[in-house]
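I've put the structures underneath this note.
Shared between the two complexes below is chain A, which has chain B as its partner in the first and chain C in the second.
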Partner chain A sequence: MPDVKMVNVTIDGHVVTVPDGTLVVEAAKLVGIEIPVFCYHHKLDPVGACRMCLVEISPGPPVAQAGCIRPVADGMVVKTQSAMAVQARADILEFELVNHPLDCPVCDKGGECPLQDFTFRHGYPTSRIDGPRLHFQKPIPLSPNIALDRERCVLCYRCTRYYDEVAWEQELTVAERGVHSVIASQFDQPLTSNFSGNIIDLCPVGALTSRLWRFESRPWDLHHTPSVCSKCAVGCNVTLWQRRGQLVRVTSRENDDIDEGWICDRGRFDYTDVNDPARLRVPAVHGSKTTWAVALNTVADGIKGKGSKLGISLPQDLTNEEAFLFRRLLDGPLRGAKVKMHGRTALPAPSGEQLMIKDIDDARVIIIVASDTENDVPIVNLRVKKAVSKRGAKLIVIHPDAVDLDRHRETVHIRNQPGEAAAEVRKLADHELLHEPGGPVAILYGDGRGSEDAAGLVAACTELAAKVGAKLMPLYRGTNERGSLELGVAGWDSLDGVEALLSWGPPPTAGVPASVKFHAVWDHLPRPEHQNASVVLPATSFAERQGSYTNLEGRVQFLRPAVDAEAPLKESWDVLCELAAALGLPLDYVGIFPIQREAAKAFPALAALAQPPSPEPEPVPVLMGPARP
Partner chain B sequence: MADENGNDHDPTPLRRPGEGVPPKPEGEKPSIAGDVAALAGGLKTTLSEFFKPVVTTMYPEEKTPRSERYRGRHYLRRYDNGLERCIGCELCAAACPVGCILVIAAENTDEKRVSPGERYAKTYEINMLRCIFCGYCEEACPVQAIVLGPEYELSDTSREKFIYTKEKLLEPLPPDVEARLNAKGTAVPTPAPLPNPPPQGGRETTP
Partner chain C sequence: MSALSSHLLEEIKALPAKYPQPRSAVMPALDLAQEELGHLTPEAMSEVAVALQLDPGYVEGVATFYTLFHLEPVGKHRFYVCTNLSCMLRGAEDVVDRLKAAIGVREPGEVSKDGLFSYEEVECLGACEYAPVVRLDHRYEVDLTRGKIDSLVNDRRLVRSHVKTGVRSSLDTTPEPPRKKPVRRTKKSG
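Now for the complex of A and B:
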């Protein structure tokens, strides 16, 4: 990292020392002074489109200047509260509200809307506008999940810039020019990108809203819980929003080490199963409802002593705590059982030093082998795009089919025959890009969704990494695949021929084998496969579950329950402990914390479980006025 | 004894219960004539009340007049065309200091239009046992949908009956109250429901 010159700036009397090139709005944040912004977003390139951030800057011309595109300079004096700056911002807000419908009472953004807040804090107290306002069709469905309200739009272009800069998609654009500009999807086609939901969080007004959350509640009704996404192995941080026992919204929670505030549409919109009225809530044996004790004893009788005739099907979002309890069961009464984890890659547990997601930013060359990153690890895909388009990294993709990363003109896409990715990786050692100096090399490898020989591919990547001094990152697909691998329960056994089957989570994707005579299911939704199940146990969904996931870089993060698991639902660890007792293995844990402490002691990779979760960062106080003399 | 402001104060200190009755001042002797005179004085006051105007209201047969601004039970109002005024914005629930209002909103469709605009209240419940009749909900309402009417006799026989649901709240207001609300000019005029089909993304302005 080259030395960056530090400069001193005075903002409303506060002297702040920041690196040269910092924008005025960012410097003001450091001393807690709010400069209102619409178009500026700290993860997007500044454009200066909305002029909301006008401040007085000296030395300079005696006009209000946009603080979001102006880098600081040594000795600069910024006044946010001078009469000129205050009036300039109020005037801009008055312009923004000329055509704003002011339908805040029915707007889903109302209550958490920057336009509302800024109007209160920086705008004129009354309106002078009594003329006609623009009207559009409202709402316009942009996709099954997103609604567009053009009346409310302030044309900050955050959404289109995000699509362009971050997601590398072309679906959202500005139609017409000048005062006729409107946000529109390309050719009025529905948005199909896996990253479209982020524009809802980005929109500073109520123009882009979620159709799933539409009119479900006002923001102040909700209880929010910081948690982790359970849809893939990246482990994006999310906030789960609950009202009246229903999970009504999922939003991103910025963690610069992992997700930078973006989440994919699967994480954002795939939550309605939690509120399904058909959710299983009572244990059932052969279709008739019963108590937990009877059901668990029936399960224990059905699977006890079966040895290798017992199959255990595990879901990809098995928590570390459940995995640890399965480990204890597999070492004890269920020894010899065949274990199959669904939705996982064939990749083995990693060894040696691994690449962290945030290190992708600094890579000079990024090599992605046999992984459809857009669908398998979407937020890593965005990190790669950022490194390429904003940090100038070179990208080499080895994949048989077209991928979305090809949209960059300099992407080197090597199309291998399925199954021959390892050979292509070996050829790369002489690639000219890898011999240019400057910065590390990152190798990200998947398993081609089963089309590649995982062991051979890992060997080839490790060989290449040793030759060019690269760091490796295995791109797992299963949410807690890495944690389960480290605990040794991420099995890959065939379930054919088993007589008893314990399906933890949804039944096997390939169907229940015909040889199964006793089938016990722990699932949260009724499914046709449960028709012939001997025992069906009601499961908690990701919004009710406690536990932790290990993401693909080995970071252990906590899943916190947003919705109470109301009786007769039981926590997953509780069910497993009682099942173990029924099988003759007394596991008398009194809660999840003793399980976490013991797992941390037994498995070094889970040491973080014994640490108390790091506290939420304190919100930065917002100083509104100038410094006191 | 007068203080500097000219007020008289009884110099006798206040007594707490149990401190006993002070002894009668010395020199005052019991007298039958004095007692009879005191009795007659009391009876005179009582008898004189017979000839004064009666102020008792024979509630519940008779009722005292209510102030126009009296805050009794709540009503949800409708527009002249029958659409509900309530848009389900929950500002009443947000303003409510005791949290007795529950609103769950839903979206209007062309097939099922409940209120003008996009949003309506699917569920609207007020827990009258908890309500303190402060009228903040009425003040917060941006469309004058909720008003507190003149009724105050709300007793009932079970707690469940005190959860006023939307059906109950949508009962028509007493005509005089409705007329008064309309005459005060506080009522917003009946808006047109969204045109069907809505304008197609073009530039249209209100007349």
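Now for the complex of A and C:
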């Protein structure tokens, strides 16, 4: 690590020592002083577009200066409360409100809106604006999920900068010029990016809102629960927002080790199934509702002693706790059953030291093999983009088709014949970029959605890693694929020819085999495949479940229930224990904690389960002193 | 069918090499496209984007920023009437009124029925000493009078009917303009 020079700055009388180059707004945060910002966002490059952050800085010209683009210097004195600074910010706010519709009472952002808050804290108490305001169509649908209310926009460009810098797309742009500038999607076509939803979180006003949540509720009426996304193996941290038993929105929860505050659209918008009125809630045998006891006994009778004639389809998002209980069933009464896990890759369990997601930042050369990262591991894809465009890493992609990482002009894209990725990896050892990489090399590999021979590919990647001193990251797809692999339950068997089938979660991808005579379903939604099922058990959705997932880098994270699993729904660990009992294996757990403690003891990879952390405390809001002019 | 001709697309593809940032080529590229089509359609912008390996949205953003890129059809001949200070003092409003009457339109951007003309009001053209001034296509017409405006318009109408019928109007006393292809403007870089 090169030594970073530290400098002393005085902000409103507090002396703070920070690394040279720190921005004034960031230095102020360290002493609990909030400088209001619109365009500045700590994950985007500063632009200084909105001037909300004006403060007095000396030495310097006798005008208020933007604190979001000014790096500190030794001996700098910053005053956020001088008469000049206070008035400058109030004036800026007055301008912001010239065309603002002030429709806070019907605006979804109301209650968590920086414009509202800053106007209260820093603005003039009354308005002098009585002229006509700009009007636009209201709202403009930007995509099926996002609505744009142009007159609320303060033109901070966070949304378009995010699209450009972080997601490497430009389907959202600023059209027109000056006072007529508006945010627009390209040729007014719907946004298609898998990363579009983040602009809702970024927008500091109610210009960009979620159409799924529009007019649903006020933010202060919601209960929120910190949890983990259950849609893929990246394991982004999310906040689940619940109101009256309904999951009403999902937002990102910044974790710099994993997601840096971004989530993909699958994680953000794919939640409405939780509130589906058609949700399965009562167990049924041959189509008629019954009790759990009857239903579970029927299942037990149907699957007991079937050996390899029993097939089990596993969901991709089963928790470690469920997997642990299931492992005990597989070791006991269900020994020999064929298991097929949904959505998993063909990759084997990892061995040796792995690359962590945050290490991608420091890589000088990144090699991505046989993975469509944009869709398979979306937020890892954003990490790679950051390393390339913000930190100058070189990128090599081995994939048969065009991928979104090709948008960078310097991406080296080697198009392999499907199935030949391993051969291309072997050739890489002599690639010019790997001669003098000048720093860490990262190799991320998938399984080409089944088109590659996984074992051969892993061997080739491991070989290359050893040659060039790289670290490896297997790109699993299934949400808890890694945890299930470590617990030895992530089966990859064909279910053809089984006589009894337990479909846990969505039906098997290859369909229900014709040979099945007894079909038990454990799912949260009714589906056509359930038609001839002997037993249907209702399952909890991700929002009602508790437990843990192991993400693709091996990090164990905790899922917390945002919505209560109301009876007759039963928590899945409970169902598994009762099923085990019906199968003659007494599993007596009184709650999820004993399961976690036991799993932690039995599997070193799950050691983190021994002590689930309490949900992190709410961040304390930083407030500025009296600031109104 | 692509909106832009293939030789034009080739020309556009060669542009980025001239700039340190390849995307700087977007302006001259749009300029070429507009020369060819008269105005920039979404298809044309998308083709420029593909040729320059940019996103259509970015190209659209640039095109909408500059008033000299037309997103709607414009007349074959475009009058850019200066209505800034010097010209205003020397009768720019009269020029606008006369021009509207002469080409038969009601507002800026509207195209005359024959498709030949449209006009726009612009800021100072930097030729205040000759006020009132109008830029007609790529030429400045200076020290305008009502008569001069009428003849600028009529000349182009007559040329048009002459070209169409092959017969020159007996009223047409202006010398026959040279029938050159329009010169392609290419913006200088930098």
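Here are a few things to note about the model shown:
As a convention for this text, the second predicted complex is superposed on the first by the 616 of 629 C-alpha atoms of A that agree within 3 Å, B and C clash if a C-alpha of one lies under 4 Å from a C-alpha of the other, contacts with A are read in each partner's own complex, and residues count from 1 in each chain.
Keep in mind that, in the parts below, a residue touches a chain if its C-beta (ideal position, glycine included) is under 8 Å from a C-beta of that chain, and two chains touch if they have at least 3 such contacts.
Note that the structure is a prediction, hence the values are computed from the model and not measured.
In the superposed model, A:Thr291 makes contact with neither chain B nor chain C.
When the two complexes are overlaid on their common chain A, residue A:Arg409 makes contact with chain C while staying clear of chain B.
Within the superposed three-chain model, A:Arg150 lies in touch with chain B and out of touch with chain C [touch as defined at top]. Of the two partner chains placed by the overlay, only chain C lies in contact with A:Glu171; chain B stays clear of it.
Once the two complexes are laid over each other on the shared chain, residue contacts for A:Asn532 go to neither chain B nor chain C.
In the overlay built on the shared chain, the residue A:Arg218 is in contact with chain B alone; chain C does not reach it.
Here chain B and chain C are compared by how many residues of chain A each touches, and B touches more.
In the superposed pair of complexes, A:Ser127 makes contact with neither chain B nor chain C. By the touch criterion stated above, A:Ile140 is placed in contact with chain B alone, chain C being left untouched. Comparing which residues of chain A touch chain B with which touch chain C, the overlap is empty.
Within the complex, the chain C residues that touch chain A are 22, 42, 45-46, 53-58, 60-61, 64-67. Across the complex, chain A meets chain C through its residues 169-177, 184-187, 409. Contact residues of chain A toward chain B in the complex are 103, 105-106, 110, 132-140, 150, 180, 182, 214-218, 220-221. Contact residues on chain B toward chain A in their complex (touch as defined above): 87-91, 94, 104-107, 117-119, 142-143, 198-207.
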